[in-house]
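These notes are about the structure you will find just below.
For clarity, chains are labelled A, B, C and D in written order, and residue numbers in each chain start from 1.
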Amino acid sequence: MSANARIFDGPLDGIPAPTPHPAVGAVLVFEGRIRPTEAAQTITAIDYETYDPMAERMLGELARQALEKFGLLAVQALHSRGRVGVGQCSFRLWIASTHRREGLDAMDWFIDTLKRDVPIWKRPVFVESGAGATP
Amino acid sequence: MTHLDVRLFGPQADAVGERSVRLTLPCESCTCAQVLDALRTAAPPLAESIDSSRLAVNQRLADPADPVRPTDEIALVGMVSGG
Amino acid sequence: MSANARIFDGPLDGIPAPTPHPAVGAVLVFEGRIRPTEAAQTITAIDYETYDPMAERMLGELARQALEKFGLLAVQALHSRGRVGVGQCSFRLWIASTHRREGLDAMDWFIDTLKRDVPIWKRPVFVESGAGATP
Amino acid sequence: MTHLDVRLFGPQADAVGERSVRLTLPCESCTCAQVLDALRTAAPPLAESIDSSRLAVNQRLADPADPVRPTDEIALVGMVSGG
């Protein structure tokens, strides 16, 4: 059983997923990605601000709590710091469990808790209207 | 009298226009609840969000009754939006 | 919006995941993998029998139903036919949605329905006790 | 009298020891319910699982009242275990 968490500068795309242990019957992955609108306005990216090292430490604590609370086999949580462009991945939660049910429940719990407690903030980067059009 | 700094992040830092707020509290041994009250008065732009915010003391989420010392690292954790 | 389903001969490991459209805010992946025991007995693999082409067609229908019922952006369902070894992947469900909630609900519904209705059967391959030990 | 074959799969095929069962039904226009009843009698090893099984007629899940013709492809879908 292992739980780990990391905060990376920039998008998470391309970071390989863990290789599950053979005893794992179910692997669940959630990826949060940057959508092109925020509150109905077009954006080009999100800048993530993290309170370091608290944010990474809390992600790790949540991963360990999820492992224990839901009886999982392994959890990995990754989050971006800094700029992540539209269509790129800013959060990835990887859960290995014996069966599906506990993995889905753990995923729900982890993301709810992350969104409530972990000191990470996003700031949308809006399209600059007319920027570059002035001489 | 206790002097301490509270770090701000994200939209709360944007609202105040500062990365930290210096507070002067009447108490000698102060609690998180007292810090939040003083912050509400010192930084009116936080009025709407402070009730759903917590303090982190030395990088750990603290409860209202937890003590705060001037040497502690204190941060306001509110309006988080990770994930 | 797209829904697709395929049945492959053998394990699904190595089959690349789709590239999500930029409007996708949440990607959820479920992988079912072969565990080393079945009803407390050690196994080396599972042989999957499928009723063709009904099994693949039904997977595709479930994918389309999930898309509509949960308002998803894309669904891909893959299942193995034939032998899949311990530690290998026999089922993968890939869901792209605007938000997390509908993706998790769809995943739950899809797997429940698959396990009830889709004509796929597994047959565990047990370790042959003493095979090769007799002269 | 109607003669038809019902295909079997997975543990139900293993239990019967056959990949299909040939049935002779007294009806001329038969329903899925009648086929399942005849199958229960013709293949006693299916007794335990047949109540939680359905027929597929021409590769589509059918309801008990749905008609079956001798030219249809009929299969017993039960004890499935995909995923």
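Operating definition for what follows: a residue touches a chain if its C-beta (ideal position, glycine included) is under 8 Å from a C-beta of that chain, and two chains touch if they have at least 3 such contacts.
Predicted model, so just to flag it, every value in this text is computed and none were measured.
Common neighbours of subunit C and subunit D under the contact rule above are absent.
Inter-chain centre distance (subunit A to subunit D, centres taken as mean C-alpha positions): 49 Å. If each chain is reduced to the centroid of its CA atoms, subunit A and subunit C end up 24 Å from each other. In whole angstrom, the spacing between the mean C-alpha positions of subunit B and subunit D is 70. Within subunit C, residues 32, 111 each touch two or more of the remaining chains.
According to the touch criterion at the top of this document, the contacting chain pairs are A-B, A-C, C-D. Those residues of subunit A lying in contact with subunit B across their complex are 32, 48-49, 51, 53-55, 57, 79, 91, 111, 114-123. The part of subunit C that touches subunit A in the complex is made up of residues 20-36, 86-87, 89, 98, 100, 103-104, 107-108, 111. Taken in their complex, subunit D has these residues touching subunit C: 7, 9-11, 14, 56, 59-61, 75, 77, 79-83.
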